[in-house]
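Each structure below is given as structure tokens.
Two complexes follow with chain A in common, the first pairing it with chain B and the second with chain C.
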Partner chain A sequence: MFEVIGERINTSRKKVQAAVEEKNAEYIIDDVKKQQEAGANFIDVNAGARIGHEKEDMEWLLNTIGPITSMPLCLDSPDPAILEMAYEMVEQAPMINSISLEKDRFDTMMPFLKGKDCKIIALCMDDKGMPVSSDDIIERAQKLINELEAVGMKQDDIYIDPLVQPISTDSTKGIMVLDAVRQIKKQNPQVHITGGLSNISYGLPERKIINRTFLTLMMDAGMDSAIIDPLDSKIMAAIKTTDMLLGSDNFCMEYLKGVRSNMIKS
Partner chain B sequence: MFEVIGERINTSRKKVQAAVEEKNAEYIIDDVKKQQEAGANFIDVNAGARIGHEKEDMEWLLNTIGPITSMPLCLDSPDPAILEMAYEMVEQAPMINSISLEKDRFDTMMPFLKGKDCKIIALCMDDKGMPVSSDDIIERAQKLINELEAVGMKQDDIYIDPLVQPISTDSTKGIMVLDAVRQIKKQNPQVHITGGLSNISYGLPERKIINRTFLTLMMDAGMDSAIIDPLDSKIMAAIKTTDMLLGSDNFCMEYLKGVRSNMIKS
Partner chain C sequence: MTDFNKIQETLVNLDAEGVIQLVNDAVKEGTPASDILNKGLIAGMDIVGEKMENEDMFIPEVLMAAQTMSQGVEILKPLLGEDDTSAKGSVIIGTVKGDLHDIGKNLVAMMMESAGLTVHNLGVDIAPEEFVKQIKEKNANLLCMSALLTTTMPMMKQTIDAVVESGLRDQIKIMVGGAPVTQGFADDIGADAMAPDAGSAAKKAKAIAG
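Then we have the complex of A and B:
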């Protein structure tokens, strides 16, 4: 089953930032409940936007969200000190967003991850920047997988983000990622593939149809998780429909549920 | 580039049948022009619905359509006598819809095809009925390809229809076809894959989202043609968007044209 990481609790979103500033717990609780009802499997929590306030904002957000949901959270910060605090605050084993091959981030995150009970999003980014080919993505992913396994993480807890890039800059950017994902999954069947989709449509109009069509293609290639807005019913409908077409929805139960709840419309 | 076979000129559609009965040429001409403007590459012409009148109806339709378009037609009939007449009437090398491995149809169509300048849709149907597995589809396709090549047809003129079956009856019916198409294209890169999509959603609600999501998956597998209604702007938008994401739309020109003409909407 495809896993949805709900992206909405992020202080870079104006309304979330305002709620954090005003300690408006009701707004945050309502948003989390809506994401859960819409089918989120994880709630991403990112408190990075108010410079100098990340620690207190993360703490308040986790204190606000913790009591009202049993869903696992995705703790989203580049700072291991904040992740340590957050990790201690959550009930369920969280997902951590993220590690990469950039030397600074890699060197600070590896000691944090050692011995932790968590899932980890691993970005195919290194100090040279974004990957430039399918092989480059595959190599970076394999390096991340090997390093994470070496500190005791299971493949099933590793979520590789191949880093989707804009099709507007180069018409091969779509197949570059699709080919890489197929290969990574072939070599590491237990590893998950995740990430945001919206970079694919950067610079183009009517972006959402591009994002959800690309998600359908990515699911076929092996993507089994994504960081998206679960309140976007069209992308959720694309996920349910694609899951069914790829054989993961026995008796079309989830599809039919989506139609009954008005999420799926022709 | 993906090829659209416009399916609308079919006397099983009420309005077309009425137009044929009333010799309402204007209606037919208008419909063909709309299909052409919407991006059809072929116009399917099927006059089979009025029992006993197929020959005269086909003749009238071709006389009506011929003078107003330079687009190739797809002559859609099980009767070689009617196809012979139709073949002589058209200016451009037509597509013929269709041959299959059913003994009667195969034995009457093969002599017709010998030496003709045309494209042919070849259905993976035989006297046992629909194919029951990926391997079954692949075997039937290969048999059709071999037989057609043996009478002098080029791979590039062969359009294999793998016969999409309802996902509601069996959750593996989607991947069964997708896997088969990948394999057929791998073994015969010049051969085209075509067909209708709507069988996939038979028995389910909100069918169109299923059809167009499946089309995106089929295009990734290697389908490069389909028999659809080009006036369904959502399925045309799915084709343009998928073509772009799979690297077939340099500088996103076709996508941007689709947005400007209001065909593509988020």
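Then we have the complex of A and C:
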């Protein structure tokens, strides 16, 4: 089953930032409930946008969200001290967003992860920057998987983000990621593939049709999770429909349920 | 008599063969290479930049226009003197320390080059002291910084502080950009300008440093 990480609780979104500043719990609770109803499996919580206030903002968001949802949260911060606090605050084993091969990030995140009960998003980024080829992505992913397994993480808890890049600046960027994902899944069938999709359409008009179509291709290649806006009903419909077409929806039950509840429309 | 509008129009229409033909014709007619460059190709790219700003043209088209322009420039190169572009600005551009994003920054650099500015693209993960060193070495009059992460935005402020400390602030204008960067943030950290896209970045660069 495809896992949706709802991206909306992020203080870089104006309305969320305003809600955090005004301590408007109602707005946050309402948003989380909507994401849950729309089919999110995790709620990403990012409090990084108000520089200097990340700790208090994260604390307030978690205190606000914690009591009203049984869904696991995705704790989104580059700062292990904040993640440590957040980890102690959540009821369920969270997802952590994220580690990468950038030396500073890697060296501070590895001790944090050791012995923790959590899932981890691992970005195929290193100190040289974004990956430049399929092989580059595959190599970085394998390194991350090996290192994470070495500190006791299960493959099933590892979510590789291959880093989708804009097709507008290089028409081979779609194929590059698709090929890499196929290979990573072949070598590590238990590992998950996740990430944002909207980078693919950067610099082009009518972005959502590009994002949706790319998602379908990525799911065929082995992507089984994504960081998206669950309130975008068209992308959620594309996910359910693709799940069915790829054989993971017995008797098309989920698809039909989606149609009857008006979530899926042609 | 060379029709510069025709060159501009042909470039904006992404007709590479047409542009090359027109540039060759203009050279044969004896039109000065600097005029073909400034009034034809660079003026054409200015239109492309504006269209990009207004979302009438998109990144792949802008890249194609820039490629076409550089083919035209190749024809003109042997005929051009040192001082033949109308824009005199010397630009230092880079992504700040701790940040490895370069796609948007490279587009900005490309549009500035196409606008006739001399661009020194330092790359990504550039420390404040390296920016300062390069400003001195290249005798630049415009510094452009990019940051794509809320976590690396403060590095723009630190870089500006380093420029102030080095005593170079008076000789250089500073422009910032990147997805999370707002005009308010640019004002707060003491930048001279903020550009939301590559088209407007090139236009602003010419206005404040050209």
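As a working rule, the second predicted complex is superposed on the first by the 266 of 266 C-alpha atoms of A that agree within 3 Å, B and C clash if a C-alpha of one lies under 4 Å from a C-alpha of the other, contacts with A are read in each partner's own complex, and residues count from 1 in each chain.
Please note the rule applied: a contact is a pair of C-beta atoms (placed from the backbone, for glycine too) under 8 Å apart; a residue touches a chain by one contact, two chains touch by 3 or more.
Predicted model only: the values in this text are computed from it and were never measured.
Contacts of A:F214 after superposition on the shared chain: chain B is touched, whereas chain C is not. The larger set of touched chain A residues comes from B, when the choice is between chain B and chain C. By the touch criterion defined above, A:L204 reaches both chain B and chain C.
Of the two partner chains, both chain B and chain C are touched by A:S168. In the superposition on chain A, no contact is made by A:A93 with either chain B or chain C. Legend: residue contacts after superposition of the two complexes on their common chain; A:M71 is shown touching neither chain B nor chain C.
After overlaying the two complexes on the shared chain, residue contacts for A:I29 are found with neither chain B nor chain C. When both complexes are overlaid on chain A, the residue A:L256 reaches chain B alone and has no touch with chain C.
Shared interface residues of chain A (contacting chain B in one complex, chain C in the other): 168, 171, 204-205.
Of all residues in chain C, only 55, 58-60, 63, 98, 100-103, 107, 124-125, 150-151, 153-154, 180 touch chain A in the complex they form. Looking at the complex, you find that chain A touches chain C at residues 12, 48-49, 51, 78, 102, 104, 125, 127-130, 165-166, 168-169, 171, 202-205. Against chain A, the residues of chain B that register as touching in their complex are 167-168, 171-172, 174-175, 178, 200, 204-210, 213-214, 216-217, 220, 234, 237-238, 241-242, 244-252, 255-256, 259, 264-266.
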